[in-house]
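Here it is, the structure in full.
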Amino acid sequence: MPRTKSDLAKNVVVIAILTTFALSTVAPLVWMVFTSFKPLQEVESGSILPKVWRHDNYGEVFKQVPFARYYMNSVFVAAWVTFLTCMTSAMAAYAFARLEWKGRDALFRLYLATMMIPGVVTMIPNYTLMVKLHMLDSYTGLIIPSAFGAFGTFLLRQFMLTIPKALDEAATIDGAGHWSVFIDVVLPLARPGLIALAIFTFLGNYGSFYWPLILVKSESLRTLPIGIMYFDGNYGQQTNLLMAASLMSLLPPILLFLIGQKYLVKGTAFGAVKG
Amino acid sequence: MRTFLLLSIASLSVASFVVWKLQPPQTEDGKIVLTWVSDDNPARKAQAALFEKLHPNIKVNIDPDNNGVEKVIVQCIAGVGPDVYDAYNGFQLSAYVKSGVAMDVTNELRQHGIDLKSQVFSGVLPMCVLDGRTYGVPTNVGADGIWYHADLLRQAGVTLPKGPWKWDQFIPIAQKLTKRDSEGRITQYGFMFEWWNWRHFFCGYGANVFNASGTRCIIDSPNAVAAIQTMYDLVYKYHVSPTPVEETSMAAEGGFGSGYITLLAAKRGAMAVGGRWWLEQLRQTKGLQLGVIESPYGTLRESHTDGRGMLVNQHSNHLKEALELQRFLASDAYCDLINDQADACAAFIKADEKPSYFFNPKYPNERDNAVWLQILKMGVGDDISPFVDSSTVTRLIQVQLDLVQNGQKSPSAAMKSAAENVNAAIEKAVAEDPSIAEKYRLALKGTPN
Amino acid sequence: MKNRHGQFRAAMAFLAPNFAGFLLFTAGPVIFSLGASFTNSNLQQTVPLRFNGVSNLKELLADQSFWLYFVNTLYMMLGMPFAIFGALWLAVMLNRKIRGLGAYRTLLYLPSFASGVALMILWKSLYNPDFGPINEALRHSLALLHLHADSPQWLQSTHSLAALDVEKVGIAPKQFGIGARDALILMGVWTAIGGNNMLLYLAALTNVPEELLEAAQLDGASPSRCFWSVTWPQLAPTTFFILVMSIIGGLQGGFEQARIMTSGGPAGTTTTLAYYIYSLAFEQFRIGYASAVAWVLFAFVFVATLINWRFGNRAANEI
């Protein structure tokens, strides 16, 4: 509770400023929503609210481009990449955090070092590899190269280091092998880290633009970001439909954000403060 | 955790199966699907549909999104290239052949009685034939003439000469057609042309970019400079054409169609350089009466021919069908369609000598087809050099032309710089690539230069 | 089970999938790319592959476009201080014990998680000089204030507030104005101001020891004095981290904006080094030269990070 009158005044000022910022942050998105319901002539009219509400704009998007296909491609690829990343990173993190072996720390430092290298440096040879392997314009080409990164291993290793070893030892005494310890003891305890990684990875891959842009050639393989970009380019100035399409593509991230907000916040802080 | 993992793997596998099933088939209803990379000209759809009608077991998809020499080459090499694609000039053909993605169809065509040298306008051969071997069949051919606004000419009391005329006859007429307002600003330009269309002017002076063997850039020769000088004078000496600043303030909309049509309709200009393909848009513009006359020339009565050649991807999965599509371009049905659509003109000369070409009952107002034929008959194609790539050359030349167009450099100085830069590029390319170095040495020996 | 041999084998088994991918798609490509940058490798296969030595580097240094785009990249990082200080300011305000501030935090974070492409398409429409709401609003405001000025052309204009020249590196007074580069900077600040940086500052603010602040207040320090002498130094490690990440991101960034909103134009003014590399590698397919430019970019990032580390560490240690 504000203790003095000046505290109250300060709070009012703060709320006012925050409200201004929040409004200016939200304003473009509000414009987007309203425009997505306008008929084409009204887009340029300068009025904010549509005079005629065209719900069928959304259906129209599906008629003009294979939008459902783009959606399916984005979600499908992101799901696979998330699963593969989480699994392989968790396994590697277990090896780094829980097992003792020669060269472990040196190899881990190598992993860390590669995280510094700009993505574009590796994308060029990866593309060349896809060309040589004839994996251009394919689902495997979209999924496999994106499913391995050092970041996931790094994040989960840090997480696993905080899990007390006593629990492992208890399970081992009961006769559990490494795989059981991993799946039944460590993974469940690392759940917050896993969820954070899963959300990061899904969001990152769902919105990824560069790799699908260079890899995909056929319309049937396009993901949402590429599909929307071509929709903008090829179909004239249909701003209202474009806004409807963009809004629809924002649904999964918004949902994911609302559900996983606290994990994201924790994950960001965790990764940064220690780093 | 175990159950969760198993569930995830199971649902991902099911999803993969579903997605795999949903893939668009290579064959639609048992038809073979061919991909044709070209531009997004709406006329293309009718052309593909005509082929499908004659070959009911084949479907043709037009793909304008992957149009671009480098893209097509790399996609073909990676095994995901189109079945057929278009080359827009000799440089593009050369790049495709060098990369090994263009199929040599010399024997194929001969077997089917198609002999390009004798049957098509010579100006379109550079996009189809390289070093004596044939790779492409022309899709169409075009050459620019001058479109003029009949009403404006009548009002100004101007009559154009019939047949050939030179730039000195043109200038006074263009000046008569240039109108100013009370403050001296030009409201109507006598003549409009695009600066990237410099080859149009080159042909009228017999100027070439390269010498005969392609070993040297001769764009600084007197006739080339004279061509650019004419362009410069039209803007800055005679003031019949707009400066870049004036052009932007007149900016018309783009898309597939000519902005000049809109400007002529708005009486912002009286004459403009354009091709027969304007008819596609003119047929939808009511009330605009335009006539055609061949372009004035400087020293040589020649016009610049452009067009496309359709090439077949060597690595295509459907070679037989792709070759059928390529051969279709030589058929009467296709050529007549091109002339009817006014997608410029058919490349095969016999199609353009038919009565149906000269008079189309659907568009009785179009009386100028004989003029277009005449322009095509005096057409020449682009000259290229096998020792340097086209994007470099185009860029180096365009940079200099931009300076001339903005009044920042004189035509002779600009062409001198362009020639120096292109020759430097040739030297660099020869130094880097041993395979053309040999060819270059031999070519040098053979030329008097 | 705990014997070293068993652990080693188990470790290999666990590591294998991730490590195989790491070699194939991260470590391997890094080495390949380094090698390629010394060749004339070109995917179009029109020229035989040849070891080039440092001629790619020489071409790069003499390449007018390279330096122009480098300047573009640096210019577009000018929004960074605004984004960082804005994030700090927002975090400080959100750090109060007022009910409902969580809602503000969510709203402000909204642009950060949303997919980049959708937002950029949105801003492209917003910046439309004839019909976009930004210019509409500007026109109304200018009319209200009875000012006669043209609203900026935003994404179609080659101008910039620093009057950068378009054909060569330098200043050209004719190019003064608000143009595409400034439009992108503004959009960048909007996206980043309530984002991860704000969350990081929020987390760090909760770690500032209360006693220090109370001590300062007891000593009669004004609120701003309290902030600059007590809070700000405590935030130094976070600020330092944010600065490093922003510089790394800024040097490598600008690709999506250029590709989606402006195609690198008008006249190459919004082309950053990242977009230049894309154009070289995936439009011209000059793999060798593009790799060389990419490694030079990495060198810039590395040097910038090193410098930051030196100064940042010293500053952090002086507390």
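In this document, chain identifiers A, B and C correspond to the written order of the chains, with residue numbering beginning at 1 in each.
The criterion applied here is as follows: a residue touches a chain if its C-beta (ideal position, glycine included) is under 8 Å from a C-beta of that chain, and two chains touch if they have at least 3 such contacts.
Computed from a predicted structure; not experimentally measured.
*Asks:* Report the most central chain, judged by the distance from each chain's C-alpha mean to the global C-alpha mean.
*Replies:* C
*Asks:* Among all chains, whose Cα centre is located farthest from the one for chain B?
*Replies:* The most distant chain relative to chain B turns out to be A.
*Asks:* Which pairing of chains gives the most C-beta pairs in contact?
*Replies:* The chain pair with the largest number of C-beta contacts is A-C.
*Asks:* Would you mind pulling out the distance in Å between where the CA atoms of chain B average out and where those of chain C do?
*Replies:* 41
*Asks:* Distance from the CA centroid of chain A to that of chain C, rounded to the nearest Å?
*Replies:* The mean C-alpha positions of chain A and chain C differ by 18 Å.
*Asks:* Please tell me the distance, in whole Å, between the geometric centres of chain A and chain B computed from their C-alpha atoms.
*Replies:* Here the centre of chain B sits 44 Å away from the centre of chain A.
*Asks:* Counting only residues that touch at least two other chains, what does the list for chain C look like?
*Replies:* Expected reply: 43.
*Asks:* Residues of chain A that contact two or more other chains, please.
*Replies:* Residue numbers touching two or more other chains: 131.
*Asks:* Would you pick out the residues of chain B that each touch at least 2 other chains?
*Replies:* 74, 77
*Asks:* In their shared complex, at which residues does chain C touch chain B?
*Replies:* 40, 43-48, 50, 283-285
*Asks:* Taking the touch rule as given, give the residues of chain A at its contact with chain C in the complex, in rising order.
*Replies:* Within the complex, chain A touches chain C at residues 11, 14-15, 17-19, 21-22, 24-26, 28-29, 31-32, 35, 43-44, 46, 87-89, 91-92, 94-96, 99-102, 104, 110-111, 114, 116-129, 131, 144-145, 147-150, 153, 172, 177-178, 182, 203, 206-207, 209-210, 213-214, 224-225, 228-229, 232, 239, 242-243, 246-247, 249-250, 253-254, 256-257, 261, 264-265, 268-269, 272-273, 275.
*Asks:* Okay, in this complex, where on chain B does chain A touch?
*Replies:* 1-2, 5, 8-9, 12, 15-16, 19, 22-24, 40, 64-66, 74-75, 77-80, 255
*Asks:* Within the complex, which stretch of chain C touches chain A?
*Replies:* Touch list, chain C to chain A: 1-2, 4, 7-8, 10-12, 14-15, 17-19, 21-22, 24-30, 32-33, 36, 43, 90, 93-94, 96, 98, 101, 104, 106-111, 113-119, 121-126, 130-131, 133, 136, 190, 193-194, 196, 199-200, 203-204, 238, 241, 252, 255-256, 259-260, 274, 277-278, 281-282, 287, 290-291, 294-295, 297-298, 301-302, 305.
*Asks:* Mind listing the chain B positions that touch chain C in their complex?
*Replies:* Interface residues on chain B, with respect to chain C: 68, 70-71, 73-74, 77, 95, 98-100, 389, 391, 432-435.
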